[in-house]
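Scrolling down, you'll hit the structures one after another.
Next come two complexes, and both contain chain A; in the first it sits with chain B, in the second with chain C.
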Partner chain A sequence: MILLEVARKDLTLYARDVRFLATLGLFSASLTLILSMAFGPIYQDAPREAAATMWASLFFAGVLGLTRSLDMEREAGGGDALRMSGADPYAIYLGKTLANFLLLAAVFALLLPLTSVFFDVGSLSGLPRVAGVAAIALLGYSAWGTLFAALARGLQARELLLSVLLFPSLIPLWIGAVKLTHALWGEGGTASVGDWVKVMLVMDVLGLGVAAWLYEPVQEAGE
Partner chain B sequence: MLSGASLALEPGEVILLAGPNGSGKTTFARILSTLLPPDDGEVTLDDEPVSEHRALTRRRIGFTTHVPLLYRGLTPVENLVFFARLAEVRDGGLRAIDLLTRFGLKDAMHRPVANFSRGMLQRVVLCRALLNDPPILILDEPYAGLDEDGVAAVNTVLREARAAGRSALVIAHGKERAQSVVTRTVHLRDGRIEAA
Partner chain C sequence: MTRTVPEGWRKAARFVWIAALVLVALSLVMVVRAPTERVMGPVQKIVYVHVPSAIATMIAFGITFAAGIAFLTTRQWFWDALGAASAEVGLVFATVVMITGPLWARSAWNTWWTWEPRLTTFFILWILYAAYQVIRSSLRGPSKRTISAVLGIVFFVMYPVTVYSVNLWRGSMHPQNVTMQGNMRQVLLTSMLAWVVFYVAVLERRLRLEWARRAAEEERLGVGAPAPRGHVAARGAEARGR
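After this line comes the complex of A and B, so read on.
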């Protein structure tokens, strides 16, 4: 299955790049630590600040992952190798999205315990729900991020442009993830939870849908 | 860059396309292989425009260019198996090992290609182009970085292609290395293709 082959290839390349993994881990952990120190030591609203910190760190760390994904394809001829295989471009996109999603899930698995310790929030019983929120948010992030990374591939200052394109588009996802995590870690404030889940799911579907329409022409444009 | 460039590649034909730097050889190869759409004109395969069957056409072309089109963090076997699966090549793993052995890379097939010399990389690139036993080969500078054994291996591939009725377009600066295997040589000058 092309989707799984592409995801496996990307994950293998991520896993073998120790320098990249160390940078990603250290960057996201240090950002969490710095923000926790900036908000503390006495927190006004620990669940809210913890949620904002974790998601800001995750979203910034995600750009490192997307940039690495972009570089891997540039090293292999800017997508020419994938194009010449004759494989379905959308399957390639989905494979890359899956790999980026799993990479971000690994960063989430690192940041969640750090955030819980630094801010003294969360509990094991609430973990499945927070993981559920993360799954929805990170799917949307990966869906849009993979598409924007492909768009930025042929441009000058691509890393900068990737952030410029990505962050404004992901505001609904980021706010939704922070609100939901805050609601799960804090007390009360769960009235709008359902609405935010819907907003995030719409963002996920939109990302995957727009890519179905746009990824092939973007890939064909090459570098 | 190209203007009125026209070339017909018949079965069993191996054409050498020569020309100076910047004459548009690589652009021409990219257009033929469907990687670059022409501003004007058309590429046809079996009288069908390739733009209408792009994915299918790509699976019928073995393409190499000056960029290796390989993932540096993967070994040659992993690279070839990955592309074989993408192109739905049956027994891709066996085919990959067979090709790598044939190109003298048996002992290096489990090392990441990031550590390979230019010549070794070029051999893997040729293996990738031959993975699905394509009826058409478009090889842009296939001799770059190769030693005598490598040159001989490329020429053997071209001879076999010719004998099997396949077609090949070889792009190179000079004709010396390909001279013994090509059926004709053409030059790209001022955007046009001229017989040598």
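After this line comes the complex of A and C, so read on.
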């Protein structure tokens, strides 16, 4: 199955580049530390500040991951090979989205305990629901991020432009993730901010849907 | 699509320009003569520029969106030129909105800027379309048109979601609908019409610039004069005209 093969290829490239993975982990951990110091030592609203810190760190680290995935593909020449293979462009896109999603999920797995310790928030019983929020947010981030990263492939200063494209566009996902995580850590439920789940799901579906239509021309433009 | 501006187009453009200038002049006179609002005073008259500019912005970005779809479907040069021209003109109108908004807010809310949903979403929109200009200007070759079309579509598709989500974020202070009556309503409606026609007129000029650029490029490449069928210059012109 092309989707899984592409995801496996990208994940293998990530796994081979240990220095990149270490840098990504250190970068996101440093961001969390700096923001927790900025908010602390006495927190006004620990669940709110913790949620904002974790998601800001994750979104910034995500840009680093997306940019690196482009560089690795160019260095390894895998992108050209994939395009010439005649594989369905949308399957290629989904495979890349899956790989980026798993990379971000790994960063989330690192940041969640760090944030919990620094801000003294969260509990094991609430973990599945926080993970659920993360799954929705990171799926949307990967869906849009993979499309934008493909767009930025041939641009000069693509790291900067990718940030300029991603951050304003993904504001609904970011606010939703912060609101829901804050509610889960603060109130133990999402009843007061439940509408955000719908907004984030719409973003996910839109990202995957728009890419189904636009990824092929974007891929052609990069040739 | 022809290489020069069609004659019918020139005639229509002349008419649109005359209509735009007359309507803008009329609206400005009406704004000066409009009744002064009791609470805010003359500052309230900013609304007669702010709201029509916002409407022109949305029309401009909507046309960029539609032109993006048309380009990806047909691959015709004209749709790319229309989308790019409309995005550029739309950004100018958006900048007018960004300037006049704080001027009004200073008087109405006693602050130049507040993180209010409508302001925030409009600022996001402004950043995105400014990024569109930066990205388009940094691109060379055939990918320029495709990537511009994709960006024009993606930004416009995402905008309603952003507006809706930020409205959930916090209650809006911004008026949801501008409700006016009598003379003030007439002034607002005339201003809206004037700015939209003015947008069409400016868009036409910007499109003509694209036409001139294309003609100059073809002349530089030696494809202005009829080239033998299958000649490299003719193939180049065909490829660009696709």
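Everything below uses one rule, namely that the second predicted complex is superposed on the first by the 214 of 223 C-alpha atoms of A that agree within 3 Å, B and C clash if a C-alpha of one lies under 4 Å from a C-alpha of the other, contacts with A are read in each partner's own complex, and residues count from 1 in each chain.
In this text, contacts are C-beta pairs under 8 Å (C-beta built on N, C-alpha and C of every residue); 3 or more make two chains touch, one makes a residue touch a chain.
Remember, predicted model here, so these are calculated numbers, not experimental data.
Of the two partner chains, chain C is the only one touched by A:Leu165; chain B is not. In the superposed model, A:Met72 makes contact with chain B only, not with chain C. Touch criterion not met for A:Phe108: it reaches neither chain B nor chain C.
Contacts of A:Arg83 after superposition: chain B is touched, whereas chain C is not reached.
Counting the residues of chain A touched by each of chain B and chain C gives the higher count for C. In the superposed pair of complexes, A:Lys9 makes contact with chain B only, with no contact to chain C.
Looking at the shared chain after the overlay, A:Gly176 reaches chain C, while chain B stays out of its contact range. Of the residues of chain A, those at positions 222 touch chain B in one of the two structures and chain C in the other. Per the touch definition, chain C reaches chain A in the complex via residues 72, 124, 127-128, 131, 134-135, 138-139, 142-143, 146-147, 149-151, 153-155, 157-158, 161-162, 164-166, 168-169. Within the complex, the chain A residues that touch chain B are 2, 5-6, 9, 12-13, 16-17, 72, 75-78, 80-88, 222.
Interface residues of chain B, counted against chain A in their complex, comprise 33, 35-36, 54-59, 61, 63, 65, 67-74, 78, 82-83, 85-87, 112, 128. Residues 147, 151, 154-157, 161, 164-165, 168-169, 171-172, 175-176, 179, 195-196, 199, 202-203, 206, 210, 214, 217-218, 220-222 of chain A are the ones that touch chain C when the two sit in their complex.
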